[in-house]
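One chain, chain A, appears in both complexes that follow, with chain B as partner in the first and chain C in the second.
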Partner chain A sequence: MKLSPLARERFTIFMMLFPTFLILVGFYLYPTLYNLELSFTDITLLKLRQGGDPVGLANYTEFLTSSSFFDIAINTVFWLTAISVVCRIILGLGFALLLNSNFLKRMHMTTLARLILLVPWATPPVVAVIAWRWLFDPTHGPINSWLLATGLISDPVAFTANLTTVWPSIVTIIVWNTTPLIGVSLLAALQTVPSDLLEASEIDGANRWQSFRFITLPYLMPTISVLTLMSVIWTFNNFVYVWLTTGAGPGTYTNVLATEVYLKAFVDLRLGYSAAIGVTMAIVMAAFGALYFRFFGLSDMQDKVG
Partner chain B sequence: MKYLSKKLLLSAALMASTALSAAADVNLTFRFNDSEREEMRAALDEFEAANPGITVDMQTIAWKDSRDQFLRESAVGQGPDVVHIAFVWTQEMAEAGAVTAIDDLVQYGAFPNGFEDHIATDLTKYEGTAYGVPWSADTWAMVYRTDVLEEAGVSDFPTTWDELLEDSKIVKEKTGKTGFAFPAANQIWFPVNYYLWSNGAEFVSADGNGGYKVGVTKEQLVDAMNYFKTYLDDGLVSQSILSIDMPHDPALMQALIDGQQGMAVMPTNTFRQLLSAWEEANPGAEVPLQSGVMMGGSEGPKTHLGGRTLVVNSNTKHPEEAWKLMQFLNSAPLFEKYYTNQFPAQKTMLSEIEYRPEESGFSTQLAENTRTWGAYADSGVGVGPLWNVTSRAFGAALSGQNSPEQAADELIAEINRMLGN
Partner chain C sequence: MDTQRPKGLAGLIENGALLTGFAIFAIFLLAPAFYVFKGSFENLSVSLVSSDGGWTLSNYVNIFSSGYYVYVINSLIVCITATFLACTISLFAAYGLSRFRFRGRGLVFGSIMGGQFFPWIILVNPIFILFARGGMINSQIGLILCYTAFITPFTIYLLVGYLTTIPKSLDEAAIVDGASRLTVVTKIILPIMWPGMVAAATFGFLQSWSEYLLALALITDDSMKTIPLGLYQYFGDVNVDWGAVMAGSVVATVPTLLLFLPLQKKLVSGLTSGATK
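And now, the complex of A and B:
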């Protein structure tokens, strides 16, 4: 049987994509479906060999109606995700504008400043958390020592154990560790803004704010949109920062969805229940991604810019 | 032809010797999570020298992750051959099919004084069969910096929880130092149980009809939460204890070494490490550290009989060699030369221990005032899950996240759920 050129081309494409497809099925689709299956059972870590019994939607119902659900949702959506992502985008944009400014160029500090900005990003999250825990330490930490020396506080503050300071402390660590990526990405986007447009606006009498607001920012929007989406997904699912900083405590005050998944699976041993939380998280993120693209469609923005 | 024959003979001899050596060489993996890693490695070197053909790799992971890690590994046919676990995990491991029954291993050799010479053998049994060998025994006791108490004018060690609180206030007032400090995160589980037990309550108890019930009332829980919360609310300890998991946390240990804290609660091995650290920092000086029995309440003081158990992975391909290693690890020389911070879990060896004078509190506590977790383990709830929900509830109450009443209500509801009531 002789294939037409189009069919041959399709066959070649299919054969080239097939290994990737198999990898995706093996390493992504299968675990996802298995996790979904577990979420409808009462399997525990002690019953891994025997398997769990089906419980229908009981795990989902228990989680969504539990007394801690609202607190965990607020912690995850507001503190962990919204606050930290907004801080990152604003600070990242600030750093990008600073690094792109003529001021640093005149001071011959552009390269040094870029290198310094990259240091937090190059620090592994585990190391970042340990370093910050030491900085926050009430007995030996330099932040407390400085605050006491300057008279701003009279008693040391247990930053990661005090209900007032624990979330700002976690957000500080996340922002410190992850803002450089935003800054560097926005810096790259800033360098695509046509200089003739900026010069033309200057000739037309636009001030710096107007140039930024009506020329620079629209060029940055596609990058900001993608970075926001990625940051939201990374942060929403993030486990490391909260777990290593506070272990979801004090009590369960900083418990978020990702730490709840861990606590239920590997502390309370309830794998089925934990799988249900994982599936809920995936649904929430998928819905968020769909809505985000609907309201901030990237292709639209690219059209506008292009 | 002659040359070829020689070559063939040589090759055959080489192959035979390789095959023989491959058959004789067994590599075991031993997971050991305590801090005495260098000493244990030296002990394993001695074992290897005495048992040619057996080599042992030592692995270490954090205690708090070790139970789940082993359960996960075992479920997929993996994991170390011999594992060092807590007393109270043995039943869970047996239920999960992760460990080998001792009956299947004793065929390779018996202990000098028999299996029953070990303490707490009940904790190793699941459905009547033993699945682990108790290795080391410990309990928690009070530890005092006698010079700090002297400076505050406290002449006698406290004997009740109320006296402990009162003395802490005196130490703070007279010296500005911390009186009693405790790990208030994960391991608040221990002092909380001691408080409840000494006041006639426990989280789970037998209901008299063959079942189990919540053994503590809301009022008793609120009382316990308020007791420990007072230390924080009255500024007697730093709020940072809310994030301290372990009694050997550097912040607590350093405060004791520096004489900035007067009273603490800790297990045996931590006290021995504390003594060593103090003596290293102050060579030749008189040791101002002394242990004492736990506080009493409406009833006498009680702490748990704890310790470590050795188990053999049900997936091991070398049960005989693993058992040989277990026997070596349970021998008297190991505790005399290498694992010196721990007390052996064999009654014969325990009776021969010569305690340091500073350790008298631990020896009295261990001999007279300990109990096992009893119904916690027997009820099927398991000590681990109960421990975790309790620590979280107390953390919530102590930090102010929830009121003690709300935290107590939630904890009782959670224990009832775990009991299936």
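And now, the complex of A and C:
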């Protein structure tokens, strides 16, 4: 049987996209729906094969009314996400502005800076955590040795075990590992600010702050918005930084949603309950996603598809 | 902005402040990596409080004689295979998405955009259960499939962006000459978009190379572990074998540093395109 050209083209499209379709359905859509189904059961790791019994919304009500829910929510939203995202945007912006200054540009610092930024950026998160755990280490760590030597402290500080320093320590690790992306992106965005506008504003008597506030910043805003939302989504769901730095401890002091999902599934073996936490996270993230598309419409996507 | 350059003492102070700021940033960004690199060549046994000052290769010798190379080999097998699969799948998908108009195209592209931000933490439970039932725990094939799925959305996105810069007339001419679509993709498109493929492959490799969560959930057998899991073997309940950890960290990071250098610019334009246009 000979296929018509149209049918042949349809077949070609189908074959080209079929593997992608399998991936999207098999590894994204189906597991997501299956996770939703699991969240309404009491399945545990021990009765994996026979499956769990339906329990309705019990997992959700248990999680949302549990005594730890409030702490986990605050840890995730405030410490893990808000503080670390704000810090990395401000530091990234600061570094980009610094590198964009005439003096440092004249000293040809940009190439050097790109190489410097590369180091934390290319460091895998698992290694970033190791590096900082070493710096923070109370017995061998360079930070404690230095603080002791200068007399600023008289006893070593266990930065990742001490309740007042543990969150700032985790945030430091995340900021160190993620600021380069922000810095490099904003440095690129700074090149799009028209210099004749800045010169005109200066002739008109604007001071530096006014030039920055009313000319540079508006040009940077689209990039900052994209970076912020990307960072929020990515950090909110992040598991490795908290887990590898503190294991959600001391106790459960730094527990976040992502580590709670893992702890409930693989330590308490309650897969159904853990699935409900995952669904809760997905709902919160869907809200963020909606925000993203509301900010930027679908223009970016349409640009790409052409 | 050159006219804004301050003169005299004020200018000196300002330039000094700029240099100081740059130095502080540089120290913050470089010090952790520097200390790990330095530590990896020092003799820091578990019981030793401080190093003896000399430098040594013993940490590297120790980790490789105690089986660290198994993690390196596992990581290479899993990451290279997954990257190859993802790039092949993405090449065809990106071609199909950029060259044809068909029903459901917007949905496929939207799913790919969403897939880039998809939280894998919530897929860990269902995938673990499905894999456990299918006997895919401690299987490299299982991990390869997960990593392929994990990196595909971004590689498709990168390649679609690249393909839109290649004129359609090029492949249409070949079609008129009687070439099949498969020939067009492999003989005409692939050679042109080779830089894009290299970028996509580098990105895919880096993503899977540092992946921790899925490996943690799906691999429990020591002989199957990848580098990120292997590194944390040296963290005991009480003591940390810092010498081994730091040597292992350097081994884990050198390939990513080398691969990152040429990729840096592409990633920025890929991630924030549309915003900076």
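Keep in mind that, in the parts below, the second predicted complex is superposed on the first by the 266 of 306 C-alpha atoms of A that agree within 3 Å, B and C clash if a C-alpha of one lies under 4 Å from a C-alpha of the other, contacts with A are read in each partner's own complex, and residues count from 1 in each chain.
What we mean here is this: a residue touches a chain if its C-beta (ideal position, glycine included) is under 8 Å from a C-beta of that chain, and two chains touch if they have at least 3 such contacts.
Computed from a prediction, not measured in an experiment: that's the story for all the values here.
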| request: Return fit or clash for chain B versus chain C, each positioned on chain A through the superposition. | output: clash
| said: Output check: A:S67 vs chain B and chain C. Expected answer is one of first, second, both, neither. What do you get? | reply: first
| message | I'd like to know which partner A:G92 touches here: chain B for first, chain C for second, both or neither. | response | neither
| chain B versus chain C as contact partner of A:R49, first or second or both or neither | both
| query | In this superposed model, does chain C or chain B come into contact with more residues of chain A? | reply | C
| said: Quick check for you: in the superposed arrangement, does A:T139 touch first (chain B), second (chain C), both or neither? | reply: both
| message | With both complexes overlaid on chain A, does A:I116 touch chain B (first), chain C (second), both or neither? | response | second
| After superposition on the shared chain, which partner residues are touched by A:F266: those of chain B (first), chain C (second), both, or neither? | both
| said: Going by the clash criterion at the top, which of the stretches 3-11, 39-47, 75-83 or 129-137 from chain B hits chain C after superposition? | reply: 75-83
| query | Considering each complex separately, which residues of chain A are in contact with chain B in the first and with chain C in the second? | reply | 48-49, 137, 139, 266
| Where on chain C does chain A make contact in their complex? | 1-5, 14-15, 18-19, 21-22, 25-26, 28-33, 35-36, 39, 44, 49-50, 89-90, 92-93, 95-98, 100, 102, 105-106, 108-115, 117-130, 132-133, 145-146, 148-150, 152, 156-157, 160-161, 164, 181, 206, 209-210, 212-213, 216-217, 227-228, 231-232, 240, 242, 245-246, 249, 252-253, 256-257, 259-261, 264, 267-269, 271-277
| request: Write out the stretch or stretches of chain B touching chain A in their complex. | output: 68, 71-72, 75, 92, 95-97, 185-186, 238-243, 245, 251, 254-255, 382, 384-385, 388-389, 392-402, 407, 410
| field | In the complex, chain A residues that touch chain C | value | 9-10, 12-13, 15-17, 19-21, 23-24, 26-32, 34-35, 38, 43, 48-49, 94-95, 98-99, 101-104, 109, 113-114, 116-128, 130-135, 137, 139-140, 142, 176, 179-181, 184-185, 188-189, 192, 195, 198-199, 202, 208, 222-223, 225-227, 230, 233-234, 236-237, 239-240, 244, 257-258, 261-262, 265-266, 271, 274-275, 278-279, 281-282, 285, 289, 296, 299-301, 303-306
| message | If we count contacts the way the header does, which residues on chain A are in touch with chain B in the complex? | response | 45-49, 67, 137-139, 156, 158, 160-163, 246-247, 249-253, 263, 266-269
